[in-house]
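One chain, chain A, appears in both complexes that follow, with chain B as partner in the first and chain C in the second.
After this line comes the complex of A and B, so read on.
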């Protein structure tokens, strides 16, 4: 294609002409497009799409993140006539029920944070720093409890420890020959709520603290030992202070989780007769709807969450903590000796309470007619499976909706996260870090707050998205974007920028490089991010519960509805289904064949 | 006209000037080394030429066309250059063959052509037997050669090398120095080579450009740079030297205080009289006996350290004026520590430095 006029490819002509026009804008570069010796280059250098892409992404992210927040603020600060008022916010202080819900939320979250830390730290120490057997197994099982949707765990515990029908209480009465009025546990209490939420929040602390324990350089402990510190002293004076920021940061994450959680409180607190802030917001959506109060109540939820996350970032970003980045030598392991029996019992107890008992309860209830029916061969039935999969009409639609939304959200969110993290990590365009902030921002927006914001933003006649899957897609994209983004942006640190520059200088544009070099190198992380988002999506409840209608039910909402009608058999079947799909996705993700021949190495 | 021209090229990051008004003209087919300590701006200069960094001021012209200026820059992919990176930057998910063929595929070349060209370069770099391996399965030297092959196969107008040997061990580094020069003689691409290693620069370069704090200190042939340094920095950085500070007295003599007068065979004298004199370590001659005759270019001092290194002895001498100088002497000149010694600096080996 020496000149546009003689080229046999019309599309090539257009491209050349377009390129030339672009060239002409820069005054000195004109010659470059016309001189004959650059013909070779000309077909190589295509217009760089990164700037328009940046603008597009910025717009998309702004719409996703800022628009719902804008409407939230607007409704919180105006009255029905649309004129500005502080009356809604004032109601937060004058209305005793809102105040009470807020305080209970804070108290519950605080307790969850403390207990998560108390449970997770010894566990993390045991798996990271001792010779306790089965450490890998424990790690993967604790990670597995991440996969359990907290609301499902709460329902499972309701099956186990409800005062009348709870399986554990039945066993207790049967064992001691007591009558129906006696109960060992009552999950429908504040304590029960804290317990059920802690079961699914402590893995956050565990993961952070175990990582921190892994990274404490062994020479720091050896330095203490050589100076005469006994193992106990070393642990107390050197090791624990080094992981303290991770403990605090992890607890803050657990607190945020508990504070913003809708499912578990709705399942356990409402029957107990009290509200937390999230359920209070939900109740404003029930008839008669009070959108202004919902918006106003979302404000303290949002503010406290932001403060907590800001505190967590501050803790992890402190200089003292970054020392942990360098790893020298393998970590020293403490020999447990006979203490290992106690340690084993402790670990077993935690695993039973968080995984084994709830899963067994789900299985038992799924396979029998009635929750209080004793388990025997004759009582086994597939009735519940039959009911859920074939008789109950709304489940098939819900499963279908959930799958579609899961696939769409995972794919789109991973794609956006990839491009954004590329632009940020490589500072490809000015202002790229702004994109990164926008992509991380939703992490500070509790699901139910986002639900309120999205409802206000898109349910109006202009968009008319309420009752469609679109509004759910938007919600899930916003909620899951930070997870995907963080996964990929940390993966970018493992890819040496020179690998991309080598492709650029050999003649590939940015996008081509991203597609041919970066994406294959990030394959494992891309798949992991995709799975994260997928699993996160199919279990989402707190935003969904405000945004679904009969036509757009999802599995999580069906489970929630069935809980209100007390249909535990169907819940168990759906819950097992959800868990099976989640674990299958995790399993497939781990088994994907790694790239042929060589694992990605950074350069050397 | 020079092929690659840097014209007042400047790069600032905030208040920090990393590259300061660098002027440089590189003839077609020449190999130019940018040499300097870390942080001197040499790598930034190279990345400016490659187009990864946009200049704050000045411009870069290649073959007469402006490729970089503060207003508009061609992206790297449009420059028909190639580059060899410090980390080699071999793509771990592609075989050696795929790595090398990548640039050709981008140029929409036919399959047969790609096979032929890649085959030829594999031969030139002695990699034929490794074509189907992955980079992770190669040794450091082999990886280095793949990275060379990948850069050369597209027949770039300009070849850029960013400290290509710094990740190799000493033996391999020496071998690859000659290899790079050999390949350059074979293919004759206009080449810019960044290094902080003077031996590397002297082996490979037609022209050495010594950089310091964003400025070009001196540019010239390896011999020029070594024999006729124009600044203290260049003399120190290339080969190492002893610097005597003094005042010019008469036409070619510098008074360095404490009776030390140095007659200089070459160099520039500063206008205000303050002049430094550089004498290379191996140009200082040691003797036990007090010299007779003309006392200029003679100094005396005490040996504070003497190390036997097999091929020579390395002396550290404390002069009576207080300075410490380093001298390299033949093995048979053996003076014990703490003994007085006389040093002769032949005038034709003394070079005056204006700055």
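After this line comes the complex of A and C, so read on.
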């Protein structure tokens, strides 16, 4: 524990607080006499739960993160008889199919990173630093493309841009009177895959870069302008260099996303006749499963992901250019003038490609018998809705399971993230930073790797969790914890500890303070983190696909199953249901004041 | 001590005797009021299947109409995926499924050896099923037969231009026009790939791999891809989905090549640890009834081995098609080779 003299947060020092508490005891007695409620609180409040809670959390996080990794390592390094071997890892180098899948994965992820950055940066600049109208709307629509599960987006793009039946290709042929052999797009190619993944990875870059643009201090730009720099020069030599770290970091996140993605490659790469690493790992699970090879192939995925994330940290940590001083003055907004038409066209194009076209395609396919049927009143049918809602026996169970898991994961993960980020931010217990590291660690574990690890760890008879919702809950908690933790730990920096201090002085324990003071103050961040985790759970496929059984079906998995048998109509209906549910939950979470501890409390 | 020794001895004997240890088929059973009552009490039956999901749900709905109060939960995936699921579940001690049915007959050899099945012989099976279409020990019987065929869109490909034989598909003019399903997913295609690799050699697949085929997973999908207009010709895929789409008015036609057409028998069985044993028995018996088999034929376009099922007149009768039969145990021995060669030639 730091001494009061050197710590930037003297209130975090227990000794000091204890001393203050003793001084104030007289006042406390008065307060206790005034309020019957406080007397009870004081009684309970004597014992600070921080330390046992810390131990408990450390154990839980260790189990969540380390146990699956241990089994992964064990299977990768042993043979069927259980004796140690390097043969599985050697197979990574000798087996050309694994090597090829690995290289394709790397190439695909790299391209996605570059294109995400190229697409997102101008968009972020337009939204943050120009006078373009409708900026708020654009921001929230980009967020909407984050709500769209990438696998659903990939299927929608298969409907739009399959070379012969794709809606866009049909329109193209019709418009130019071309014959069937002509096609504008072919989504079933490497390029098509990069495109479809980029559509749902660029929001990561966008968010980071838009935030960075928001924070660029205007005085530097003004200085450039005063010294005679034209707007273009200022942008190129002052503004862009300052957001460069955010661009790179965002691209790395997009690369990690693409590299670890399972759904979109399974939907677009397999028909094109190639594997990426994640689909290759999945193929090892065909019966009889080759768990040893699956575990070994997961190792390069894990290592590369960790390297990329380490690179991202390093970039964000190099604060040479970035702005730590906060905002100085309102950001200068570039007047677009007549360029606003071009800017508007660009924004509209992005929104069409990522949201409008895919959603319309889903709607069209849901309402017709056949994808290539021209749309008319007579071709409209509710056949697909009827099948999904009334004939298809998996629907109800899957929607129910998805909702339950989404709500449970979001609530528990946000709860754990809140406590952990509190303990870390306020240095409440020795070694709290260790908790922070554990809570961030799963971000380096790709979903499918975690799926393999969890299957190995919990499917055995000791736990017997496979086939229950518990194993999925554990998986989702592990996968989503980093997202929740990162949101909340950054939020903690924005809350001044004065109020917490006051609560502690009045005798409340750390936990009580957290519940009654800090959580309500962090309300918006809490809701944001909760929604983040909820959406993340809804769109998860890579770990889920290995861990579900008939009784624990999720909507994402039945969409995937239906895709394998080409039932586009049913997929569209389920996809629309999934989107409606996700948007509704996110909407409610943002509107209902009770959530996130927002209800006014008399005590605080 | 001696008890343990006896048990160990019996266990070893069972291992040594293998299949010979089965005691022969149990007595055929009828649907009695007691069975219906016990099944209704269990209220649901879980059906793992590789039949096209719309067809399987129709069967479920027909059963529910007969026995109100019993819900049929259909879990549909490709044969090889169902195999993977049940394998993962039974190896982990999870017993969700009551009935299992896939189109890869070799799976049932494994299920039987692993003691994952309950022997049961519905009355209809005992009376009407040919010997070759049911297990001698009563563990399973052929619920359906599926042909794997070439097919094409009659409006996009002229009859004269359509492929007539498997080797016709290697003609350069079909490059980029074919769609094909995957033996690692579909039991029909696994069986067909085995049959064709025996008949034509792997050379055939190596050349087909260079034809720019669109690779889908399920053998139910190529006819749907044809219907969408994404590709005009299927290099392999289900016959029954072609029939279903024909009935819906899609201009699509199956081709029965002169070299022969692969047939796969889709067996069904009751699982050993079925959570709803009585409902399972009831549903299992219903699956082989005239009504269900006729429904499979009428709505699902499936072939039936039940003699009194009437085939639609517009379909080529099974007797006029040259069939390629595959021995399930040979298919099982070739699975690893098929998967490996397939990935070599087709990329996945």
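Methods note: the second predicted complex is superposed on the first by the 536 of 604 C-alpha atoms of A that agree within 3 Å, B and C clash if a C-alpha of one lies under 4 Å from a C-alpha of the other, contacts with A are read in each partner's own complex, and residues count from 1 in each chain.
As a working rule, a contact is a pair of C-beta atoms (placed from the backbone, for glycine too) under 8 Å apart; a residue touches a chain by one contact, two chains touch by 3 or more.
Model, not experiment: these values are computed from the prediction.
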Chain B versus chain C as contact partner of A:517, first or second or both or neither: first
Which of chain B and chain C A:87 touches, first, second, both or neither: neither
First (chain B), second (chain C), both or neither touched by A:235: neither
Contacts of A:353 with chain B and chain C, given as first, second, both or neither: neither
Which of chain B and chain C A:501 touches, first, second, both or neither: first
Partner chain in contact with A:509 - chain B first, chain C second, else both or neither: first
Touched partner set for A:147, first chain B, second chain C, both or neither: neither
Interface residues of chain A shared between complexes with chain B and chain C: none
Contact set on chain A toward chain B in their complex: 25-29, 31-32, 35, 37-38, 40-41, 43-45, 48, 496, 498-499, 501-510, 512, 516-517, 520-521, 523, 595-604
Interfacial residue positions of chain B with respect to chain A in the complex: 50-52, 59, 63-67, 69, 71-72, 74-83, 85-93, 95, 102-103, 106-108, 133-137, 140, 143, 150-151, 154, 160, 167
Of chain C, residues touching chain A in the complex: 46, 48, 52-54, 57, 60-61, 71-78, 80-81, 83-85, 87-89, 92-94, 96-97, 156, 182, 184-185, 213-218, 220-221, 224-225, 227-231, 248, 250, 339, 343, 346-348
Partner chain C, residues of chain A touching it in the complex: 97, 162-165, 180, 188, 269-275, 279, 283, 285-289, 369-372, 387, 391-394, 397, 455, 459-461, 464, 466-467, 549-551, 553, 561-562, 564-568, 570
